[in-house]
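In the two complexes below, chain A is the common chain; its partner is chain B in one and chain C in the other.
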Partner chain A sequence: MTDQPLTSSTPLEIGRMLRADTTRCVVGCRAGQPHLPPLGSLVRLPVDDTYQVYGVVADIQVFDDGLTRQVVISPNLDPSVILDNQYNRNLPLEIGVLFVGYEHNGRLSHLLPPRPPLVLHVLYTCTPAEVRRFTAHGRFGYFRHLLRATDQPLAEVVAAHLQQAQACHAQGGNPHWAREAARELITLLRDDYATLATVLSALADTELDL
Partner chain B sequence: MATQPLTVSDPEGQPIGYVVGGSLQSTLRVRLTVPPQTIQEGSFVTIRSGNWQFYGTVVDLQLGATDPRFADEPSEARLPRGLVDLLHGQTLYTNLEVLPKLMAEIGPEPGTPDYEAWRSEHPEGGRIMSVRTVPLHHATVRLAGAGDVAEIFGEPSERNFVLGYTREQGHPIPIDLEKFVQRSAGIFGATGTGKSFLTRMILAGLIKYDQASVLVFDMHNEYGYDDIASDTREPVIGLRTKFPAKVRVVGLGQDTRIHGRTPDFNLVLAERDLEPEDIEMLTRELNLKETTPTTLAALVQSFGDRWFHEFRQMEVGAEETDENGKKVPAPNSVAYWANSVGTNVMAAEGLHNKLRRLFEKPYILPDPPEGATIQQVIKSLEAGQHVVLSFGKFESDLDYLLVTNVLTRHIREAWVRKTEAYRADKSKNPPPRPLVIVLEEAHKLLNRDLAAQTTFSTIAREMRKYFVTLLVVDQRPSQIYDEVMSQLGTRISGWLGDESDIHAVLSGLADRDQLRGMLTHLQPREEVLVMGWGMPMAIPIRSRRYDERFWNEVLGKTDLSIEEGLQKLGF
Partner chain C sequence: MTINFVEVHRQIQQAAGEAQREQARLRDEFNRAWETLQTWADRLPDLGRRVEQALRYNPSLRCARPGQEALTTRVPAPPAPTQGLLLAADGSNANPNHHDRIPFGLINIGLFGYDLGHHRPPQELIQSEVLLNQDLYDDLGTIGEERIALERDLRERRALLERLRDETVTPLVTLTDGPLELYRQPREDPEFHARFQDYLRVLTALAAQGVITAGYVDKPQADLVVRLLELALLDEDELAQAGQLRPLRGITDRALFGQLLQPGERSALFGLQSTTAERFRQAAQGQLELHFFYLNVGLAGQPKVVRVEIPHWVAVDTTAVTILHGVLLQQTQITPNRRYPYALIRAHELAVVTYQDRQAVAAMIEQEWLNQGVVVGEESEKQRAKQDLQSSSRRSAR
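Up next, the complex of A and B:
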C-alpha cells in the first residue's frame, strides 16, 4: 500500500456498503484489490445524482475463515498458497468509515448526513481536488465527528488524515492547512489533556511541517 | 472627573488581546494574544466595545493553563517547535489584569454610515468619564496609541508639561500644571531615584508656565545655582541660570555665599518675627521641657513681641550683692525676671540654656538690614518672581525647621490677608498670585510629632483656599503624618523599597492595591508612577532626562546645530 499514491487523481471504486448507522458505516471490498484507501483518508459514497456522503476511513478489518486457520499451521507453506489466501479469498475486507459530512445539490456541509447511504452503495476514494474542497470548507467543523469516535484509534486517524489532506493542499499551493488544522484541534481538545496529548504525540510522529 | 470633548480614537494601536472576564469593582481579565514580553505592568491600553472605548492600565500579568499538566510538562522536548507554539497560544496562555479607569462614547467605526449618523447626533464627539460599566466579552484590547494618550493626558503645551514618556512606545505624558498647583502635591522616591532632578524639571515647567510663584526651601543648596550631581559628578544646571530674570536666590544669613556666588539678596530673621509657637515646634530638637509653654507665655506677657530680644539679653546665674551683703539675682538675670513675674526660676533658666543654640544664630538679628527681611521675600513672590532660599552653611535640622516654619507662617498670613481682601471686594483687590512652597526632606516638618504645630499641615489641609499649596519632596513618606499625606493631590513616586513608604504614598487613593504592584516594580532610576488628583489616571512613565535637551525644549530652543539650521533655512 505504501508505494501507492495516497490519493488517486481520479476517483476509484473501492467497495460497497454493508451496514450503517447515523454516524458511520462499514464497507466491504475485495481483499487484494489495489488502491485501497488508507487509514485517515477521505472517501465518499454517492447516493444519487444530487446527494453524496463523505467519510474518513477509521478502521480496516481483515477476517479469517476455517481454511485460513488450517493453512496458517501448515508446515512448509508454499508461496502460491499464501498469495492465493491473500488475494483470492471469499471473505470481504471491511472498511469502517466515520461520516464527516455530505454534499447536497452541490453544497457541502460538515453536519452528519441527514440519512446514511443504503446497502451496496459504492464507496469511492476522493481526488486531491475533492479533498481540498471538502477540508477547506468552513472551519474544520468535521473534526468533531472524528473526535467523537473514542472507540477508534482517534489520534492515529487524525494524524493520518492531516498528513494526507496536507499533501493534497500542498499540491494546491497551500502549505499552511495542517498548521491551521492543528490549531483547531488544540482549541477543540484544550480541556481534554489526555486526548490532546495523544493527538499531539501522533502529530509529532508525522512528517508534517507544522 | 471633568468631561471634555473626545473626537479621535486611535485605530492604529496594536491589538494585544481580548476581554475574557472581570468586574467593574476590581479588574478586567484580558487574554493576551501577543508574547507577554511585549506588554509590561503599567501599560496604558484601550478597549473597544460597541460604541464605547475604555481606558485602563495593566496591573498584573498571569500565566495560565487550561490544564495544569500542560504547564507542568515541558512540551518543548517532546513536540516540534510549531506545535509547541500553537500549544502556548491556547492551552498555555497569559492573562492580563487591566484596571479600567475611564470610558468614552465614541460611536461606531469611523467611515461607516452608522458613524456619520452618530456624529450628526453627537456633533461635539464623545465625552470622557469615569468608568461606570464594563466592555463585552471578547472586546478587542489595544496598546494605546499616541492619539489615545493625547486624548486622556492632553497635548503637550506650556500648561501640559511633559513629565516623561510611556515605557513601551514613548508617547509623551504631560501633567496639567494648572491642576497640579491647585492642591498640595508630593514627589517621593528612595535615595538616588532622581527626585531632585524631577523636582527641578517640574519647577522649570512651573516657572516657564508662570501662573504661580514658587518658593523653594533649598536645604542643600542645589536648586538655585549650578551644582555637581552627587552620584555622576556631572554638572547640573540651576534654575537661576536658566531663568535669571524670574528666579531670585536668597541666602540665609548676612554675607552668606552659595557655591562661591553672592545671592540676589540675603534673608535675616528679625527677633520680633519669632513667636512662642516657633519655639514649641522645636521641642524635640532642643529637648525642651513641658514647662516651656508656661515660661514662653510669661515672656510674651512681660515683653510683647520683644520677648525673644529681651530673653536673649538675659544671663543665667548673674548675681549681685545687695545692701545686706547677700547674693541676689542681678537685674539682667533670668532669675530676676522670673521672680519678678512669679514664674519658676529653674524652668526659665533651663529654657534659656536650651535656647542658647538659637541665641547664637547669626541670622536672627534685632533689626535686619533693609532688603534682607521676610517682607522682601514676600514682595518678590507677590511680584511674580520665584525664590530659592538656600541655607548656605546653615544646614542643621534646627536651622531648617525654624526658618521654614517662621517664613511660611508669615507668608501664609500675608496670603490670607490678600485672599480675604479679594473676597471682600473683588473689583478693587486682585486675587493673590498662587504660591507653591517646595519642601525638601518634608518629613522633618510634617512628621507625626510636628505636623500639628507647623504651618505646613494647615496649608496642606486648606488646599487652594488661600492660594498656597505645598510640593513636598521626600524619601521617607511613611514618616509624614497620615493626615497630610492623604491631603496630597498629585503624587509622583519613584522606586521605594520600604513597604511602609509604599503604603504611605498610596494612602487615600482608590485602587491602591493595584497601584502597589506598579510602584514596587519601577526601575530604580528614571521611572516614576504618576497618580492622584492631577492625573486622569495613574500611569508609570520613563521620566525625562534633566539635560541640555530638556532645557532647549522647555525654553523653546532648537536642537539644530548652526550648520543644520543654515541648511534648514536654505543656505
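Up next, the complex of A and C:
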C-alpha cells in the first residue's frame, strides 16, 4: 500500500482520457508514477475554462505484454529488470472513472455531465478542498451514479470513497460527514437489501466512526 | 486468396524429399567436420600457415583465423559482473518511398543503459532523425535502403560513444545487434567510404576509452570456422582453389559448436579473415581488427549458440572477455524462454519504427508543408491501388 497521502494539497496530472461514454471513462497513464489516485478517490477532468467533469476512481487495470510474460518466469529477477518494467516500459495503466457530476461556470451539479470529456483530456487528482466542496454540495446526489455501477466492486469503491472523503472533511473541521453519507446510503439502498448488506459490511471494515 | 495452393503443395512435397536427402548428406559432412576439428584442435601454427598460403591465391578468402586457444577450447561460465554499465543500441528506419506524397526517411536509435550493479534504474534514450529534401540524395541520386541502413548503423555506434563520453563507472560494455563488420561497406563509392571511415573513428574512440564493445549475432549462419577446417582438408596443391573447393559446404559453425559447448561455455577466440575485416585490421594500429567467439546461451540438451564479435582491444584483454562472457549470460537468462540479451530486446523496443509511426510522421510533415505553403505532391496511383486492396482485405477479414 502506498505511503502517499490519499489526497494531495495540489492537483496532480495523472494521465489522459482514452475513451468515454455518458457514465464513465477510461484514462491511460504510465505505470509506476507516484501519486496515482487510489480506488474510490475523487478526480476531475477539465474540458475548458468553464466546464469540468468529476468522477470517482472505480477500476484500475495494469497491463502486461509479451516481454513481461517472459521476464516473469525468470528464476532470479534482477532489481534493474523489475524497475525497468515498473517505471520505464510503455505499459499503460488504465484507470476506470465513474462520472459523478460536473462543474459549469463555477456551479456544481451531481447530475451526469452533459457531455463527456474528449480523448486526451487530462485527469487530475482533487485537492482536499475540492473534495470537501464537491462532496458537501447538495444531498449526496452523486451516490446514485456509484450505486448504479454493478459491474464494479461497488461496496469497496463506496467504502474507499467515504474513507477518503471523510479524511478531507475531518481536515476541514467536520467529523460527521461520513455518518451522514452512510445514512444516505442506507436510504438509497433500502429496497436492495443484498447490496446494502455488502456496503455496510465494507464500511464496517473501514476505520470510520459511523 | 490468390495463391495456387495445388501448385505450391506439389513444390513443397518435392522440396521436402530433397531436404531429407540433404540432411542425410549433411550428417556425414558434419561427422567429417567434427573429426577435423578434433584432429586439428592444437595445430594452430599449421592452420595459420594454410590461411596465409590460401590468401596468396585468394585475397578475398573469408574464414576464421586461429588464435592462441585450441580450436576445441571450452571456457566455462564466469560469474556475472556486479558492477559497471551495459549500454545496448539498436536502430530502426523507414525508407523513402517515391510513391508517397512527400518522400522522407526516418532513422530511429534506441539506447538502453543497464547498471550491472543495480545502483540506478535502467535508462532509456531515443534519438530520431527525419531525412527530407537534400538528405534524400547523394551523388548517385536518391539514397536507397542500403545507404539508410549504413547511416543507421553508424548512428547506433555514435550514440553509444556520445552516451559513454562522460561515464565514469567501469567496466563499460556496449552491445549492438549483428556483426561489428559492416556488410554494406565494401561498395567503393565515396559516400560509403566516408561513412566507413566515420565508423572506424567511432570504434577508435571507444577503444581509447577502453569500452568493451561487442556485436551479438543470434542464430549465426556463418561457416567461418568450418571454412578454416576446409583449408585443413585440402591438399597443399588444392590451396590455390581455397574458397572454391568446399568439402564441408552446408555445415555451419553453429552446428559444430552446438555439439562442442556446454551451456554457458564460450569457444576459443578466433580472428576474422575477410576483405572487410582487412580494412579494420589496417586502422588504428590494428586495434580494430575483428575477432569472435561462439557462446552457448542455451540449456542442457537445448544448445543455443550465438556468435559474439569483438575488436582487437577487447580480444587481447582476458578480463574484458570474461566480463563480456558473464554479462551476456546474465542478460540472456533474464528471459529464460527467449535467450536473447534483455538490453538488446529493450533497445529494439525503443528503436522500432512501426507502420503507424511512419504514417504519423508522414501526416506531421504534410501538415507542416501545408502550414508553410509548400506544394505537396501526389501519391502514386500504384500506392493508392495498393491501399484500396488493403482496405478491401481488412473489410473481408471482419
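Structural remarks
Following the convention adopted for this analysis, the second predicted complex is superposed on the first by the 209 of 210 C-alpha atoms of A that agree within 3 Å, B and C clash if a C-alpha of one lies under 4 Å from a C-alpha of the other, contacts with A are read in each partner's own complex, and residues count from 1 in each chain.
The rule is short, and it goes like this: a contact is a pair of C-beta atoms (placed from the backbone, for glycine too) under 8 Å apart; a residue touches a chain by one contact, two chains touch by 3 or more.
If you're wondering where the values come from, they're calculated on a predicted model, not measured in any experiment.
When both complexes are superposed on chain A, chain B and chain C end up sitting side by side without clashing. Within the superposed three-chain model, A:Ala182 lies in touch with chain B and out of touch with chain C [touch as defined at top]. Here the vertex is the CA centre of chain A, and the angle it makes with the centres of chain B and chain C is 160 degrees, a multiple of 10. Shared-chain residue A:Arg115: touches no atom of chain B or chain C. Of the two partner chains placed by the overlay, only chain B lies in contact with A:Leu200; chain C stays clear of it.
When both complexes are overlaid on chain A, the residue A:Arg144 reaches neither chain B nor chain C.
In the superposed model, A:Arg190 makes contact with chain B only, not with chain C. Closest C-alpha contact of chain B with chain C, superposed model: 46 Å.
Shared contact residues of chain A with chain B and chain C: none. Touching chain C in their complex are the following residues of chain A: 67, 70-71, 73-81, 83-84, 87-89. Every residue of chain B that touches chain A in the complex is listed here, in rising order: 66-67, 69-70, 75, 78-80, 82-83, 86-87, 89-91. By the touch criterion given at the top, residues 179, 182-183, 186-187, 190-191, 193, 196-197, 200-201, 203-204, 209-210 of chain A touch chain B in their complex.
Across the complex, chain C meets chain A through its residues 114-115, 118, 121-122, 124, 330, 333-338, 342, 345-346, 349.
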